[in-house]
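The following pair of complexes shares a single chain, chain A, combined with chain B in the former and chain C in the latter.
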Partner chain A sequence: MSATHPSTRPAARRVRRRLEPKVRVHRAVNRWLGPLWVWGVLIALVVIAIYTVPQFATLDNYKNILKQAVPLALVAIGQCGVIILGGIDLSVAAVMSLGDTLSMGIMNGGSGSILFAIVAPLGLGLLIGAANGAVVAKTAAPAFIVTLGAASIVQGVVFWYTHSAPYGAPALSFGELGFKEYGPLPALVVLFIPILALALIVQNRTRAGRHAYAVGDDDQVAARAGVNVTRVKVATYALCGFFAALAGIAVATRTGSGEPLAGTGFDWDSISAVVIGGAILVGGRGTIGGTMAGVLIITLIENAMTLKDVSPFWQSTVKGVIVLIAVIIAAMTAKETLGRLLRWRPMDAFRPRVAARPSATGEGGAA
Partner chain B sequence: MILQVKDITKRFGVVRALEGVSLDVGRGEVHALVGENGAGKSTLTRIIGGAERADAGDISFEGSSQALSSPAAALAAGISIVYQHLNLSDELTVAGNLYLGREPRRALRGGVDDKAMRRAVTAWLDRLGAEFPADELVGRLSPSDRQLAEIARGLSHDPKLLIMDEPTASLAPVAAERVFAVLRELTAAGLAVIYITHELAHVFDLADRVTVLKDGRNALSAPIAEVDRGGLIEAMVGRAVEELFPPRTQQPDRAAAPALELRDLTLPGYFESVSFSIAPGEVVGLGGLVGSGRSRVARAIFGDPPERAADPLRGTVLVDGESFRPRGPRSAVKRGIGFVPEDRKAAGLVLGATVADNIALPQLERLASFGVLRRGAERAVAERETEALRIKTPGVDAEVGNLSGGNQQKVVLAKWLARGCRVLILDEPTPGVDVGAKAEIYLLVRKLADEGTAVLLISSDLPELLGLSDRVLVMSRGRIVAELEAEAATEESVMKAAFDGMETAPGLESAA
Partner chain C sequence: MSAIAARVARAPRPDLTGAAASWLALFTLAVVASILSSDFLDKQNLLNIGRQAAPLAVVSLGQTIVILCGGIDVSVGAVMSLTTVVVSTEMNGDPSMVIPAVLLVLVLGAAIGIVNGFLVARVGTDPFVTTLAAMLIISGAALVYTQGSPTNGLTPGFRQISEGEVLGIPASIFFAAGAFVFCWFILRRTVWGRTIYALGGNMRATFLSGRRTALVQASAYLAASLFAVVAGLLLAARIGTGAVSAGSGYELESIAAALIGGTAFGGGRGRISGTIAGVLILIVLFNLVNLLGLPSQLQQIVRGAVIVLGVAVYSRRAVTGS
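Presenting the complex of A and B:
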């Protein structure tokens, strides 16, 4: 339906109604997987580790990495949502400890209350997250401070509950979960896959996902379009709390009892994973796919360094350096400088150019 | 009457934005709302649309006053607003933006029905003559296309009342015509429109009634047949503006060494072999259709980087006879090049900073001693400029983000006018600026030229292009296709050159 008006449109031409297939594929890949260069970095790290770390390239170690990655992946999914909103959740570590100790405390070695031992921490995580979200949405208080406060409160409760010592014990069948394998994969990984699929669908295919990006990009724009900004924020933080509690339960399958500091470090690691995966902290950008690459990168580095007997102190330093590099790269891509280098295709110099097609309405192809 | 607004009052601190304003709009009516920058037009719009609450007064829509408590409620009641400052999310596609907050779900599988969204949006884009696809990211559209997307969004809500706040400010003229045609069809079917603009020609083109606001009060309300241009301007400005354009007092000395010279400047894919020179004191207009590459040339001279590193800039830029390699805004500013970009929000203003800070920004070194900013000097410069351009602000300490749209534009101009420069590039300097202020701006540009500045003026506003320039170049498809002396140039000759260029210019458009 390209109506031509000879008087105003001298050059009759077909108007493009869809993006070029190439661009479309590129965007879809980016939405579901995140920036490909992050996966490239992961592959490069694997190759380096294979050649430099002696016991790295064994089937058991791969399984181990995947298994270790699951708790961080869970926390990072929730964190990713919050960061897309332009927020941040520093309470995930404490909520994770809560999930771990509470489920172990309720179970306490018996199998009678497994269901309750799972549902109660999850519900509590959801509530804590919702409270975070409500305060952030309804007051001008920065998410950073609000969730830091929540972290402190929750961790205090955990210490009180556990008397600052390992607490409770898993039911037998539950404890086995951390070591069982379904086919070639650890049970935890198999259980994680549908959760990841669901999260990806929510990100890409639902209104909730769209709204999170819109709110993160500019919440006033979203509000004027009729999006219930408060609801989006509360729901996203609530899910983040939920995932943190779930991660705590996942960790519990692998430890003999509830650890009051089970979540320590997961706040920083989850934020790092999300940022390595291409998100920006001002919001509006980020993907769960990229976050998963970030999670694997962090886990792999930890694993390789442990195999190499690097002291935990240096591990922390190395992780810090890597995150800083990622943040700088992300900032540069946002500014298009590095983006241009990465998208640079030398062959373009030899191709005929598609010009800035002068149009009556705008810079269409050129912009 | 579909909308009745009675005695609305609204204050922001000491600023009285609206004082007892009334406005009635009937079904099928296009009601033009005009007034100086800062008169209160956008504030009234936001109140009607539920985005802001009035301090006093009543609004009734279709006989009920329930609808106006929030943007969502106003939308549900059938009031849709095309805001002055674009309200689209850069990270979503055009379709995603148009249906934000009301995405259709897929019947069986759940999730967002992107296909249905795209179909509906494409229909609107077709109708408006837009040439970008519905699945493009809004962040990648040109200002003109964004505006069109915004208009498409307003219409796609299927409203009973459509409020458009300067919808054509950054829209190419041809696209504007198309929008008007669609509006006429829809009003014939009963849509009511409140149309805010500074382009009086559009008022007479489109409106059935016109209301003038002055300093937050009703100054005039009449059927369009009962007013003329002069009367309208007088009601807006409070005085008659006879001569919009200042006379050309001095002939620029074209024999002298040019202040700015371009030799075969080429940015592959955008423009090719662009050569021209501007003498000191000369105003050269760059005409052509939106997308013909004009803004690209301007940005290239200023050193704004192109999007793709694979596109090297070729050719030479000479400033005062010395070769100048555009490396970035910093080096350009150092070399005496000033630039008022088309996309003022992105490149022109720090919205969270004060008026004084913004105006002082390009000349901080000059206003500082030993690296410490002299506040007094900064304020003095800012005060002089706000005075000269009649920027309506409670003071130079006010945040720029709180100024009315037109006044923000004036601050962008003040930044460069205050600094003074060798070469001044103006890319669409006056959209959203009221008539009175336009006259002031033209006067200032002319004065700068008379003092020896070379001015490159890009404008889609043909009267402005012809009225201010000493010489007009026309670009089409990335090439300069015509050069016209000011005396000889007419609106027709410029448009003709632009369109002829599209048919005959070789090269830049490939097989696509």
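Presenting the complex of A and C:
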């Protein structure tokens, strides 16, 4: 287990008290905000956009970016938890479509069943996620195959439910939510803030959060330390499904009817956001704070490209390049690799090397 | 203690269990299919299965190589799509352009594979995210290249590599068989192939044995990309058009085929004969769903369920832990 995430609370307290104040602040910032360079990149992008993109620097546009970011932010919180575990969830896009169409279908323009229209998709998302988690925890099947298969199943159900066409309609008050403002902020953003706060607290201040890091670092060690690995996995995947369904409902507040492909692209986008935020897919590393920076970077780039009238065909390429840069930086911040790159000589390019996990101590494990 | 004993006891057993189990499953499936649908054993239907299986088989062979050395390549579907659009645009109905167009896509595929391999093996990036980014970039590039519309420049001669028949058997099956023999040879009869298995088993030990781990690991990604290009050519010849979404789904299906065929995720164990069984299991099931005339939404549900169940039942753990 890495030094930043001691497993037991009393020990953690003791260690923290002995640390230099500077180190304590540094660690707290890293935990709650994620790697600072990601926020630096975000600020740099905002500055560049202000000077190069017309219509960018308006209050309405800033509000718009925040509002657009909410669904992706919700999915990315769930995805972040799963990636910290060392897993991945590719079913979030389909679950989002399910959340969107099911809530619209239940409401169908009437306001009598708003509560049920919110609770039913959330419960279903929770169930789908728990099923994913159970299969991942109990078999040797890799997570992305399981969840991609689940995506195919759920999307098929959505197509069957909606007859592959826009479906249902929002209740009047529900539909207004997507465009209303509470004070200076869009309503969706205001509603999102407590959810984010809760997620951050779970990540940093609860046993469940610690256990997720422990399982992601090495699930066998975690099991021997008394963590119920299966329960942690099932619960984290279940929460991911829950957040995906919630994101679908958030999308539903902004559209006139349920769209069977509402979630398309959110699977790759959410993974990109988490990876940009400094997580690694082997698990044990990653923060919700960094993920939020990743979400804002992605949303900002989409917004700026739309304002500049860049062909939407380029968006996928640009996103891919950003993910590539993020993953290269992630590999370089693993200390060993950074040293190697600094010493890099062209003729060495294909000399053998042995990868050691960045968190491994001493000898380093076999990769 | 008991875990170590179990591992020692398991070690000398020949690595046939996974592949053999998959062939048994395929045989059972074929029997069930022929009972459920009288059309299944029809000669035309069997040839059709072969024609459909050929591109998937070729791309899955490349995928198996990458998985064997402990990696994963999710960009193969995008490489296949790119191949179909580039080859049909560059050919543009001119028979003399067939060979240059094919060479061009092979060079493109090689370049993509080398970049993937360099990043994973040398820079040390995560294979899933790296190839995912490659997938996003390639599919974006294909969209920009075609402006989103399908391209129809394939010559009738080129389409013969899938539609033509030799001795009554579709030509694409011969291409897939050739790819299989080639793959078997390089994996089982060369130092390179042994090193691929060794890398997946234990990278550090392979390194300490004096093998050039980074070079071999990178070349696995090159192989996967080149196999994907060949699969893309077969796919283009079969569907007769170049489309930016032609190869989507093949990344999932190729990985599923390898895992159902007994290749361990994480590397070190697996046989390409098992991968072929995995490919045929998937294609036979898809074919059965078609024959039974289920509605298209249900087909999608069944596809997903088949992949999850197959991988969950047949997946094996890698030799060494992480």
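We adopt the following convention: the second predicted complex is superposed on the first by the 317 of 367 C-alpha atoms of A that agree within 3 Å, B and C clash if a C-alpha of one lies under 4 Å from a C-alpha of the other, contacts with A are read in each partner's own complex, and residues count from 1 in each chain.
In this text, a contact is a pair of C-beta atoms (placed from the backbone, for glycine too) under 8 Å apart; a residue touches a chain by one contact, two chains touch by 3 or more.
Everything numeric in this text was worked out from a predicted model, so none of it was measured.
Shared-chain residue A:Gly109: touches no atom of chain B or chain C.
In the superposed model, A:Gly40 makes contact with neither chain B nor chain C. Look at A:Arg24: by the touch rule set out above, it reaches chain B but stays clear of chain C. Of the two partner chains placed by the overlay, chain B and chain C both lie in contact with A:Asp218.
Using the contact criterion defined above for the overlaid structures, shared-chain residue A:Gly123 touches neither chain B nor chain C, since it reaches no partner. Within the superposed three-chain model, A:Pro142 lies in touch with chain C and out of touch with chain B [touch as defined at top]. Applying the stated contact rule after C-alpha superposition, one finds that A:Pro184 touches neither chain B nor chain C. Put simply, chain A uses residues 218, 220, 337, 341, 349, 352-355, 357, 365-367 to touch chain B in one complex and chain C in the other.
Listing the residues of chain A that touch chain B in their complex gives 1, 3, 8-11, 15-19, 24, 27, 201, 205-207, 210-211, 213-214, 216-218, 220-228, 284-285, 336-337, 340-341, 343-346, 348-349, 352-367. Chain A meets chain C in the complex at residues 88, 135, 139-142, 144-146, 148-157, 159-160, 164, 218, 220, 268, 271, 275, 280-282, 311, 313-321, 323-324, 327-328, 330-332, 334, 337, 341, 349-355, 357, 365-367.
Residue ranges of chain C in contact with chain A, taken from their complex: 70, 118-119, 121-126, 128-130, 132-141, 143-144, 147-148, 202-205, 207, 211-215, 218, 252, 255-256, 259, 264-265, 295-301, 303-308, 311-313, 315-317, 320-322. Touching chain A in their complex are the following residues of chain B: 49, 51, 71-72, 75-76, 81, 83, 87-92, 96-97, 100-103, 105, 110-112, 118, 122, 126, 129-137, 140-145, 148, 171-172, 174-175, 177-178, 268-271, 288-293, 295-296, 305, 307-310, 476-478, 499, 502-503, 507-512.
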